[in-house]
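Should a chain be cited, it is by its letter among A, B, C and D, assigned in written order, with residues numbered from 1 in that chain.
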Amino acid sequence: MSDTLDPAIRQFITDRFYQPGFMTNFDTRIVTLEYGLCVIEMPASPLILQDQGFFHGGAIGALGDTAGGTVARTVLSYPGDVLALEYKVNFLRPGVGDKLVARASVLRKGRSAIITRVDIDCVTGGEAKLCAAMQQTVVPVGAG
Amino acid sequence: MSDTLDPAIRQFITDRFYQPGFMTNFDTRIVTLEYGLCVIEMPASPLILQDQGFFHGGAIGALGDTAGGTVARTVLSYPGDVLALEYKVNFLRPGVGDKLVARASVLRKGRSAIITRVDIDCVTGGEAKLCAAMQQTVVPVGAG
Amino acid sequence: MSDTLDPAIRQFITDRFYQPGFMTNFDTRIVTLEYGLCVIEMPASPLILQDQGFFHGGAIGALGDTAGGTVARTVLSYPGDVLALEYKVNFLRPGVGDKLVARASVLRKGRSAIITRVDIDCVTGGEAKLCAAMQQTVVPVGAG
Amino acid sequence: MSDTLDPAIRQFITDRFYQPGFMTNFDTRIVTLEYGLCVIEMPASPLILQDQGFFHGGAIGALGDTAGGTVARTVLSYPGDVLALEYKVNFLRPGVGDKLVARASVLRKGRSAIITRVDIDCVTGGEAKLCAAMQQTVVPVGAG
């Protein structure tokens, strides 16, 4: 599931993504956005650390939740929106590095629910290490 | 599991909690901290919204992750710390209101892992509605 | 959410529960069935063990999944059925004893999804110990 | 992570897998077993159905849990064993077909925990469809 994305959908998703709110606090940005594929990243900064100096698990989970919700919108008809039903994140190693990069794909687009999978890397210089793995369920709302 | 908390542990946990970082961006604060029980809250603000005007699921998950990690520290010997292995959050309704309140308890303190449960309410005026339910696993690190 | 259950719904759920299939292999039976509350149990037997002599985590998860699906049906109109979207189980201790007892309740009945929580005890003689904790999402199908 | 597996470890894992117990009720068998990779399958039969005629979600989850626990043993030193801490399964479509096939890999081998990912296909004739996606955490016990 990785195809060209309709320009109106791309614009709709992008506008929503950069609308000021929770994720814009952390300079989160879209790297790749295609039908069924979304890559977003969050730069390292004191704003996303926990008390031991690692990236906060809640920031990692929030990045993954956002990546999953964003990729789900790419497989809906314009202007489809979603709400998250649930997500689950496994942390594979403490998060350190220059940035976090989340790659989300759609495992299944059903009528009543979309299931996504998100892998999150910690990137230091040119090296990426998988630091978290997620699965998420979202439901279409509105036009969808 | 809800007992008086050793003052040194309370101080240690509190200092760590308010150390500037991810959660202090949102004025998160401790309401209750006892052995095996932790209640924290996050006030409503534009900083925690998503694009449809609800509390961002990532902010809700981060609050729950923090509540779970905090309650886990209350059952460790001083100065015990933890790292999250995983968490899972179910969203019960879109998050709106004056604040989010997370109540965390310890389901099980094992040698290698502590399992917590966290219920998160949306509070509007005097009314609280359960808006998310979480389960989390953390592992002790250091002295623990 | 624990009220009297409509007799037709009780009969429908009970008939479905005891219809020969996966769970009847293990003599699973309903202990309590009310609106928003379901308790089922599975007796200890060699049929549900794993290779170290504990109750198999898959059997525990299946019991919890069934308890959750069953309690969800109690809050639907007759003859409502469900399919599971996802479940998550945390194991708190190795499972041993005379039987497994799962208590399921409904955290939220939404239009498109029902979220349940299930606690699973291992019971030995008169003593019950919480051995697993679950959260589950199901979707109504058919009449619901 | 997919290498040749030490013959003693292969024998140990295989013996444990086919020891009579929960999974042997369903003629579950190992298809592939390498370092960091495990494929197991369960044939369709009335023994694994739920009341609507689909494969029971509990049977699917149990198959995935077993595949994950088995692949985790392949990355331990002989004779390493594991206990599951938690698993999470998303169901992508109702399960039907000739058999269920679970492919498990190791996302991360840490000191205190091993995180696995499991994809489960429903296979009908020559066609496989992804019907469930899992993530699991296990902890090494004994020699491991």
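Couple of notes before you dig in:
The criterion applied here is as follows: a residue touches a chain if its C-beta (ideal position, glycine included) is under 8 Å from a C-beta of that chain, and two chains touch if they have at least 3 such contacts.
Chain-to-protein mapping (UniProt): A, B, C, D = Thioesterase domain-containing protein.
Computed from a prediction, not measured in an experiment: that's the story for all the values here.
Considering every other chain in turn, the ones in contact with both chain B and chain D prove to be A, C. With contact taken as defined at the outset, chain A and chain B are each touched by C, D.
The most distant chain from chain A, with centres taken as the mean of CA atoms, is C. Repeating the B-D interface with over half of its contact pairs identical by residue number, the matching pair from A-C, A-B or C-D is A-C.
With centres set at the average Cα position, the gap from chain C to chain D is 22 Å.
If you average the CA atoms of chain A and of chain C, the two centres end up 33 Å from each other. Rounded to a whole number, the gap between the C-alpha centres of chain A and chain D is 28 angstrom. Among all residues of chain B, those that touch two or more other chains are 85-86, 88, 90, 135, 137.
Remark: chain A residues 16-17, 19-23, 25, 46-52, 54, 56-59, 61-63, 65-66, 69, 81, 83-91, 94, 141 touch chain B in the complex.
Against chain B, the residues of chain D that register as touching in their complex are 85-86, 88, 112-113, 135, 137, 139. Taken in their complex, chain B has these residues touching chain C: 88, 90, 92-93, 107-108, 110, 115, 117, 130, 133, 135, 137.
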